[in-house]
Each structure stands twice: as C-alpha cells, then as structure tokens.
Amino acid sequence: MVSTPRERKWQMVVDADRCTGCQACVIACQAENNIPINSESHFQQKRAFTWIRIERYWEGEFPEVKARFIPFLCQHCDNAPCEPVCPVFATYHNNEGLNVQVYNRCVGTRFCQNNCPYHARYFNFWEPVWPETLRNALNPDVTVRGRGIMEKCTFCVQRIRRGEQDAKREGRDVRDGEFQPACAQACPANVLIFGDVRDPQSRIHEFLAKDRRFRLREELGTETNVIYLSKLDLEAKEVAGHA
Amino acid sequence: MHSNGHRPAPAVAVSEFTEDIVGRQAITGPRYRRAMVILGGLFVLGVIGFIVRAVTDGFDDRLPWGYLAATAGYLLTTACAAPLAIIGLRAIKAHWRRPLARLAELYSLGTVVVLAIFVPLMFLIPSAVDRRTMYFQSSGTSGLPGTLGRIPGAPQAYDLALLIALVVAAIGLVWASTRPDRVLLGNRRGVHRGRWWGSIKQWRVTTVGIGLIGAIYFVTLIGFNSMYSLDFAMALVPGWKDAIFPAFQGITALQGGLATVIVSMYVLRRFGKMERYIHMEHFWAASKPLLAFCLLWFYFGWSTFIILWYGRMPVEQNVMQLLYFGPYSVFFYGAFLLCFVAPFLTLLWNSVRKSCLGPTVAATFILIGNLSDKIRLYAGSWSVPNEVITDHALEVVPAARYPDAFDIMMMAGGIAGAIFIVLWMARRVSIISIWEMSEGLRLRVVRPFLRTHVSVLGKPE
Amino acid sequence: MPKALTGLIIASIAGLVLLGAVVYLVGSAWFGLPVGAQGPDQPIAFPHTVHAGSVESGGIGLDCTFCHRNVDKGAAATVPAVQQCMFCHSKVGGTTEAAQLQITKLRNYYESDTAINWVRVHRLPDHVQFVHDLHINYLMENPARIVNSVPEIGSDGSVNAAQTCSTCHGQIATMTTVKQVRALKMGDCVDCHRQNNAPTDCAICHY
Amino acid sequence: MQQRVALPHPQINADLLKNVLKAPAWYWGIMAFLGGVVIFGSVLVAYLLNKGFGLSGAHRPVMWGILIVDFVFWIGISHAGVMLSAILRLSKAEWRRPATRAAEVLTVFSLMIAALHPVVHAGRPWRIIYWSFPYDFSRGLWVNIRSPLVWDPSAIFTYLTGSTLFVIVALIPDMAVIRDRTTGIRHNIYSVMAMGWRGTPRQWKLQVVAGFLLSALLLPVFVSVHSIVSWDFAVMIGVEGYHVTIFAPYFVIGAVLSGVSAVVTMMILMKWMFGWGNYIRQEHIENLAKLLVVIGTGWLYFFFVEFIFALYSLESQEIALRELQAFTWPYWPLALVFIFLSYIIPIPMWMFPGVRRNIRIMFWSSLVVNVGMWLERFLIIVPGLARKQVWTFDWSTYHPSFIEVMIVVTAYALVFLLLLTFAKLFPLIPLFDIKEGDILGDEIVIGKRRVPALRVEE
C-alpha cells in the first residue's frame, strides 16, 4: 500500500516591506509556467497574462507622495469564492491548500474570474503562440493552455510534485526549502517565502509569527493562503491605501 | 360547465338581503357583548403591561422592548394588511370579494393601535447620526460628500409622518366605503345625515374615490412596512444588508392580511350567522391566493437565505446566526413551519381548499407563524446592544431574550385592541357591505344553458 | 385513424433508427480504444517478439529496461538512441532477408546521423503528467497488483522492473507490431488509483 | 369601448387559419430577409468559435458582455408566456383568449434562443456537454451542483419542456381543425399532431384539466428560472453590487414587465400583419396595459429598494458603484434612457384610457419598455464588473465588438423567424379558445342598461 503522505498545507508570505518592484518574479513566472508572450496588443486589449504581477500604488498626497509596490498573485483561498461557482469542477481546493485549476475540464464560463475578489485569474482569449525560436524553451512539466480556458498561479505545483517525487524516490519526506515557486526563487530581495505550515520546522513560521501579518480583504472570509506583511516604513499608514 | 347538472345557488333578491342585514344591525347579541368585554379587558392588560415595563425598565435600553416592536410589526402585516386583499380584488373586479369587503376594510383601523405603539418605540431607536440609514446622515466616515447634508429628524420623523398618512388613509377608506351604507342605515333609523343621496355622479365619485384611497392605502402600507422593517430591524443589526427584507415584510403583509380576512370570515359565518352570504366558494376562492402567498413567503425567504448562505462571508454568517439558527432559532423554525410548511401542505389538497374549515385552519397557522416570524426579526434585532450598531459587522451574536409576562400582556393587548376596534365599528356600520353586496346580487342571474342552468355574471365596463 | 397510425409508426421507426445511430456513435467513441486494433506502421519494423520474447518462444529475452533505460529511473520511459541499437546491430545483421532489410535501414540511420522518427503508440494528452518510475516502484513492492506479467513472476516473489510493464502495456513481448491494449483513458487511471488507494486529486496528474 | 362582435365559427376558422393555409407574398419576403440575417449571424458564430472568444469585446475585468445581457433579456421575455397563460387561465380572466398562444410560443422560442447565448459565450462551447448533460461514467467526476450555472440549465430545460407541452396541449383542438381542412401529406402530419382529437366531452375535459395542471406546475418553474438566472450574479461576493438578496424577485418582476410588454408588441404586430382586428381588440390591449401598470409599479418598488438599500449601509464601495451606474460616463446616458423608457414614459401614460386604447401609441410604448429593460440588464451586469474594487488594480469599461452586436441582432431575427415559421404551421390565435369565449359570452339587463356578461361555473 502507498503510505499516505503527511498532510501538507502550502502557504506563502509576501513581505511587502522588501519589495522593490523589480519584476524579476514576473519574468521568472512567465518562463517557468509557459505563459504566452504578452505583446503590446495583449496589454491594450487588457488580456495580458501575469500570474504574478507587481502593482504600484501611490501613498499620500502630492508632493508628499510615495510609490509603493505590492506583488499580487492567486491567494489560494481556503474558502475560495471561485470554487463553488464553477459548473464543471475545473477549479477546486485540494488537501494541500492549493486552489487547483484543471485545464482540461474548464469550459470557459469565466464565472470564477468574475467572482474572484483579487482578479487573479486569467482567461485565454486567443490560442497562445510562441516564436519558432522559443518552441523548445517551453517547460515540459507544465501544460500549455489552449484558448478558451482559465489559468492562474499554481504555486508552481509542478515543482511541488517534482519535489515530492524526488522525496519518494529517496524514501524520505519533503524537506523545507528543497523547492520553491519560480517567483520566490527569482526574487532578489526575499520578498516571497514559501513553505509548508504543517511542518513545524519550516522557515515560513518565522514570518507568519510577525505581527505585521495581514490578509487581503479579510472581511470576505476567504481564508487566503498568501499572507502579506505590511510595510515597516514608519511614515506609512498602512501597507496600501485603497488605491 | 356543470356536468352533474346541479343548479347554481338561486339568486337572492336585493330587497330581501337588505332587510335581513338592516334587521341584524338593530340587535346587539350577548355574544357580541361578551367578546367586547374580553377584548377590552385584554387591551387594558396590555396597557398595564406597558406601564409596568416603562416603570421597571425605562426607555434607556432597547432590549426589553423587542416584543413590543414585534407586536407593531405583527399588526402591520396582519390587521392593517387585511384591506390589501380587498383593495386588490376590487381592482380586478372579482365578484367574490363582496361579502368580505367591509370586514377587511374595518381592519385598516388597526393602524391606530400601531400608531399608539409606535410613539414610544420611536424614542428607542437610535438617532440618525452615525448609523446606517437611508437618510444620508453620516458624519463623513462613509465617504459620502457633505453636500448631501444632514436631514433633521430622520428616521423617526419620516416614519411617523408616513404612519400618520397611513392612519388618515385608513380612516378615509372606511369613511368612503361605508358612506352609502351609513346613509341607508341612517335613513332606516330616521336619521338623515349628510348630503349623499345616491345620484349617478355621487356613486361614480364614491367608487372612484374608494379605488383611489385604496391604492393610496396599499402603497402607503407597503411603504411603511418597508420603512419600519428597515429602521426598526435591519438598521439595528450591523452587517445585516438584505435588500429583500422590506419586500419580504411586504409579502408577509399580503399573506397575513389575507389570513386575517379568512379567519374573520369564518368567525363571521359561524358566530355571526352569515351562512347565507358567506359560502364555501369564498373560502375556496381565497385559499388559492393564500396558497400562492405561502409559496411566495418561502420564495422571498429563500432568496435571502441562499445569498447569505452561499457568500460564506463572516459578516453574513453572524447575521444568519442571529436571524435563523442562533438564539432565536425556535422562532425561525416556528415561522418556517407555520408560514410555509403547514399551510402549504394543507392547502395543496383541493378537498381542503374546497371547504370552510380547511382554509381557516391554514390561515390560523399563518397568523401564529407570522407572530413567530416577527419575534425572530424584531426581538432578534432589538437584542443587539446599542454600542455596536455602527460597526461594520456583528461580532458577537447576542443571547436570546424570551418574553416575560409583561411582554405577553403587551402583545395580547395590542392584538386585542385591533380586533376591538373592528367589532366596535361593526355596530356603527354593517359588517357586510350592503351596497357592494346589492351590486353583486344585481349583476348575477341564473339562466338555462344547454341541458343545465348556469349563473351569468355581468361585467360592466 | 389508420393513416395517422401509419404516419406515427413510420415516424417512430425513423426516430428509433436515428437514436440507434447516435447511441452507436457515442458509445463507440466512448468505449472504443483510441487506436485501431492493429498498431501503427513504424519506420523500422521492430519486432519486440525477437528482442523481448522469451528464449523458449524464439526470442532473446531482453529485459524491457535493457533498452528503455530510464523507465525505472525517471518520469519518461525513453526510446533508445540509435547508437544503443548499434551496440548489437553493428555485429548482428539478421538471419532472414526481411530482418536484414530492416537492420540495413537502422544502419543507414546511424551512418547518416539521423534519429528514427518512431510513431508513438502510447500517447497521453499534453495535460496529463505521468511518471513511470514511481508506478514501477509501486508495482515492484506490490507484485499482487501486476497484471499478466511477462516474464512470469518467479516463485521467490522477487520482481524486477521489466515484469511490471505488462500491467498497462500488455504483453509487448508477444507483439510483432506494438499496439495499445489498454484504453489508458482517465477513467482507466482513476479506477486503478482508487483500487490501489493512490491519490485521486486532480492536481496529481493535471498541472 | 369596442363592442364584441359574435362571429360565426366558419369565419373564425377562415380568419385565423388564413396564413396557415395560404401565406401571402410579403410573408415569404420577410422570411427570406430574416433567414438571410440568421445565416449571416450563424457564419459569424462559426467564425467566433473558430478564432476564439478574443473576437468579443470582453476583457479583464469585464468578463461577461452583452451576450449575457441578451441571455438575461431573452429569459425575461420568456416569462410572458406563463405569466399570461397560466395566471390568467387560473384566474379565468376572459380577455386572455387571443393572447395566450402568442405568449406561450414567444416563451418557447425566446427560451431556446436564450439558452444558446451562454453556450456561444463560453470559451470552449464544445465541452459544455460536461456541464448541462453530465455523462461522466468512469471518472466519478460530475458537475458541480453548487454552481448556479448548473442550476440554470436544469431550470431552463424544465421550463422549456413544460412550456412546450403547454403549447402542444392547447394546440391539439386546433390541429384537428387544420387536419380537416388540408389534404395529402399535410393532412397526415396534422392528423398525427391532432392525436385523434374528435372533440368528445371527455377529450375536452382532459384538455382543460391538462391545461390547468400545467399552469399550476409551470408557475413555480417560471419563478425559479429567472431567480436562478439572477443567482448567477447574486451569489458572487467578488463583485460589488451583485451580492444582493433582492435579485431573485427583482429579476422576476422585471422579466414579467418586459415579457408582457413584448406580448403587447407582438399582439399588435399580429393584428396588423394578419388583419385580426376582430380578435385582438382594444379591450385586450387595454387590459394588458392595466396589468402592465401594476407590474411596472411593482417593478419600480423593487428597483427602488434594490438601488436605495444598497446605499443604506453607507459603504463607500456600494455608493461608488451606484455613482458609476447612474452618474458616470458612459453609463449615465444609458441609465437615463433606461429609467425613462422602462418606467417614466410608458407607465404614467398607460394610466390614461385614451392612450391605452390607441393601438399605435401602445405599440411604440410597449416597444420602448423592452429597450429600457435591455439597458437595465446591461446596467446591472457591466458596470458591476467594470468597477474598480479594492485590491484588484484593474478596471476598464467595455465595448461590445461587431460580432457580439451581430449575434445579438441575429438572436432577434431568429426569434422572429421562428415565430413566423410557427405562424405558417399553426394558428397564432387559438381557435377553440376564441370559440369558447363566444359561447360563454352573454348579456344581462340591469335597469335600462345591457351589460356584457359571462356564463360561469359557480
């Protein structure tokens, strides 16, 4: 019999205080996850894909104004509004705390995107195309999504799976820090910390214990698995005014 | 058509009917006296209960007064709403309304009792500043532009104004629709009053006037129910954002009003000896819309429930705890059972609908269920402490407060007061509308058709 | 009435025929195998019977893992490179004329330094992630789950990787042309996962 | 008041079957035109399916465009049939007779067309079979019954089945009339459809009972359909202004308003096109107008409550959304047009008997109600999605693309085409109902006046 793996619950801490807005995470995510190339026309059509995006907002009134950055990705809500509305179970919650999007089941009603309070989901309006030279640069571990379906941040589930498989081959448990999503790996400022909160030894606990922690739109009761740490900046009132 | 060849009820002559009713009007039976004494006694008890409550608890805290607020809500959706049924039926010119019209209209005077209850309640709800309200009276925390300003006196003053308009409309309605009968009865007693002698023009003015005042009463009552449900229930519970609630109160008004008519109709037939004019057909006809209103009660309630439940937002979950499954769950289950399940399951059967007792039993269920519903909503929302009502969400669900003896006295007194007024008025004017019945009797003839006889109803206009 | 009845009967028969056609089409699409009864023609007619078939049946009894080297080490089974074929076929030239012809083709590939464009027989859709080695490891630990093992599992109960392949791929060693024997549709995978108490979370295979 | 003319039954047959037995030339002209539009629209749909939904105007965050608006609109129109036929049949309103068939047929066709919209609107329509007809046997994965989009097809198909039965039951006696007046293959087809109708008392009784039962059963279904459509929106917590408890009854009464208005428009068109002045009389239009005044005012109450009660909580989000809907370009002109066309202009107008009895004015005023109600759906759906919310950082308005507009136009053409096709095959006014009305009509004398009267069962 297969030994049931230890229950895991993946969470990510986003330390907004450290973010410089360099966009390395965005590029890493694009490369890792076979995200179609966002041409200028995609942006103009407002149909660009950015599973993780850096949002800039202003704080304060001119001239005392400050530019702020905050990385934004699927919040992997435990109580996700997108999940119950999908008619075909294309999106659901699995027991690792991941909000999973099953591409092959999706029919493209876009109900989930409408009901996402964070607008973290993206719809393939067009068939994705890559230049001939980039064909072999696609990640074989990640499905290339066709047109007509939703997609979103997966917490790089392919890396999680690969880590689990490696652990299984070696007959051990997954080690903390063994793998991390592409964005977290690419981040030069260590803004993004990823880990398993069921593992009492994992590094993420150190950040989760901080009193700067907050969740986006907590009043909706979505129980997100992405936890933000607010700005340390003494002048800052809160991490983000409602932009 | 009648396949069994049974003949429709023979036509009653107009003069015969008039003599019968006028004759009854002259006598005051012992049963009537006994009823008046009991109702009057209950009303006095209610007043005593009110005084005791006021002396012991005062008007500082809202909690002890929840059941009085529920009583007002109950009267608004039963007694005061009874005329709605007749106003609607009159608008669609349904013939079967005729024997019930007066009875239902007299109930509109129940608004006087509501007014009496409303005045003390007015001082118990918080003043408009810094609370959630429709009157744009915020202190700027809401981000509302200051130009909208602060409207003085809201909401109490507006609610009171609307209620007074409602009372005026009720008196106007009763006055206009009893006028031909008052003249007739006066003539019989030899008292000639007023300048109404029944010319074609006067009749037209009277009927159009009744229709118009009726429409005003309808709109005002629904409007006041909406306002009352907002200002005296919804606005008191932080996080309770439920746009359908005023309309739900409106639906319970239609349902409770019709149920009041049906129960009163049964009492009138059984104890008022009106078997000749109130038949099974009337119960049968009234039971169909009653069944529809039961379904609508469920539909409106469900529309609220599914949205609050589906959203899974903590704010709404606490409100649901308060209103549905928390401390007042007994009253919710009671209302659900008696406003929907029981009457629906009984009225579903044609044999039940096609009887005098069946619809009456269902209507009784509804009248009890409605009270339970109002207790859930009003006592529930009045148990939220004053300090939290400006909060964004209801953090702590308050414990239930069950009625004590004085609450029960006040509730019984209020209800008895409304019935007392109707019975008292019934002696002043006839309890059956003489002119409306005569009109109906004139418009109906029995004629042979094929191999049987059918009744033929005139449809003027 | 009879006229109307005739019309009704004709209409019902036509309807039934139409319904039958639809049921047949949908049914065959649903229950049929994705490939035909015969496997596809390959650029080189590679006989698994000769290479993997047992010695008694006239083969040389190679283990599956002899050529598909990665199958118990990683996700993909991998088709051997031409060079690997040449380990033997630089010397072995074939006994029959037909075999010699095929081996000549192979040598041509080697000499012209081109890869053989094998036609893939077992293809899972792009959105399915399948890992060979973990499945093989599981079957080696649980020999009772192996189906139709060739070569048969010895009496000592020890199993090597090659003995597990037949569970999904059938008895390749007896096939001259390889064909797919198991539907390998999602229902097939899910059934097996359920029977073996393996996770059935969508995100195990789909991501 | 136009007096009813008692017509001999052969003339009723001849009048009402005119188009069925021999259609005039203009009929084929209109059919050809509508057919052309539908073919053009179908080509566009095929193109859309081929190229992908990128051809629409939808984008982040407005993911649902005018196809969904039109879906809600047609579902709304489809409420006319049961509202009129069932309620008026149950309440035995005499003036329902010429209106019922047209209303029921309008229900069936608009429902069919409505159901197509979300399919075209989905990203992968060919996969939708998963959703409305789950067939998953081996994977153990079924549709998500928590999703309102699963409730939708079940409600719509129940309603479609029920209302189709409703039409068929009412058609049977008329089929027999056509059967007896046609020859050859048409005779055979109508014979089958008449199901052996001979007009025996038992058959009549069964037909009436079936009509009543279907009316009573369809009423809850009819309420559920639009409620569920409204829950497609109201269950969302991610969109300000959608998560409103009143949506279900508000949508239903709005649907009834637009549906009954559409029936008025359609009846007047029928009267003009087929010359049915003897059947569709002033009194019918007038009664419908009175009904519309009540429905419209009820709708206004719900509209008011929905709009105002969103504000009462004094949350800046809600207030900003209302401001966007009512006062911000490009929505404010639409909002203004909407409230004027759907209530302020027509409803007070209809309170005057002179207007109610003027067929021409009634035609145009009932038409504008539906223009207004279409905009109402637009104003509910699009601004809610377009509005910027906290922490989403994207907002944008929405412009429908040419293809979307054309698909909406095609939907209208398709409904008309289906209605006209129906008018060629079956009478749009029920023959038997008109005759029944004639038989039940009577007169009584009160004093010096003769009053029209009705024989009733009592």
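Labels for the chains are A, B, C and D, by order of writing; each one numbers its residues from 1.
Just so we're on the same page, contacts are C-beta pairs under 8 Å (C-beta built on N, C-alpha and C of every residue); 3 or more make two chains touch, one makes a residue touch a chain.
Predicted, not measured: the structure shown is a model, and the values here were computed from it.
Considering the contact criterion stated above, the chains in touch with chain B and with chain C alike are A, D. Every chain gets a centre from its CA atoms, and the centre nearest the mean of all protein CA atoms is that of D. With respect to chain C, maximal separation of chain centres occurs for B (centres as means of Cα atoms). For the interfaces C-D and A-C, the C-beta contact count is higher for A-C.
Look at where the CA atoms of chain A average out and do the same for chain B: the two points lie 56 Å apart.
In this assembly, the C-alpha centroid of chain A lies 37 Å from the C-alpha centroid of chain C. Note on chain placement: the centre of chain A and the centre of chain D lie 44 Å apart, centres being C-alpha means.
Residues of chain D in contact with at least two other chains: 235, 237.
For chain B, residues touching at least two other chains, in rising order: 310, 312-313.
For chain C, the set of residues that touch two or more other chains is empty.
Under the contact rule stated at the top, the pairs of chains that touch are A-B, A-C, A-D, B-D, C-D. Across the interface of their complex, chain C is touched by residues 1-2, 92, 94-96, 98, 100, 102-105, 141-144, 154, 157-158, 161, 165, 168-169 of chain A. Contact residues of chain D toward chain A in the complex are 52-54, 58-61, 63-64, 118, 121-125, 127-128, 130-131, 141-144, 146-150, 232, 235-239, 385, 389-394, 396. Taken in their complex, chain B has these residues touching chain A: 310, 312-315, 317, 392-393.
Considering their complex, residues 137-140, 188-189, 191-192, 194, 196 of chain D touch chain C. Residues of chain A that touch chain D in their complex: 45-47, 53, 55, 57, 72, 81-82, 84-89, 105-111, 113-119, 122-127, 147-150, 216-217, 220, 240, 242-243.
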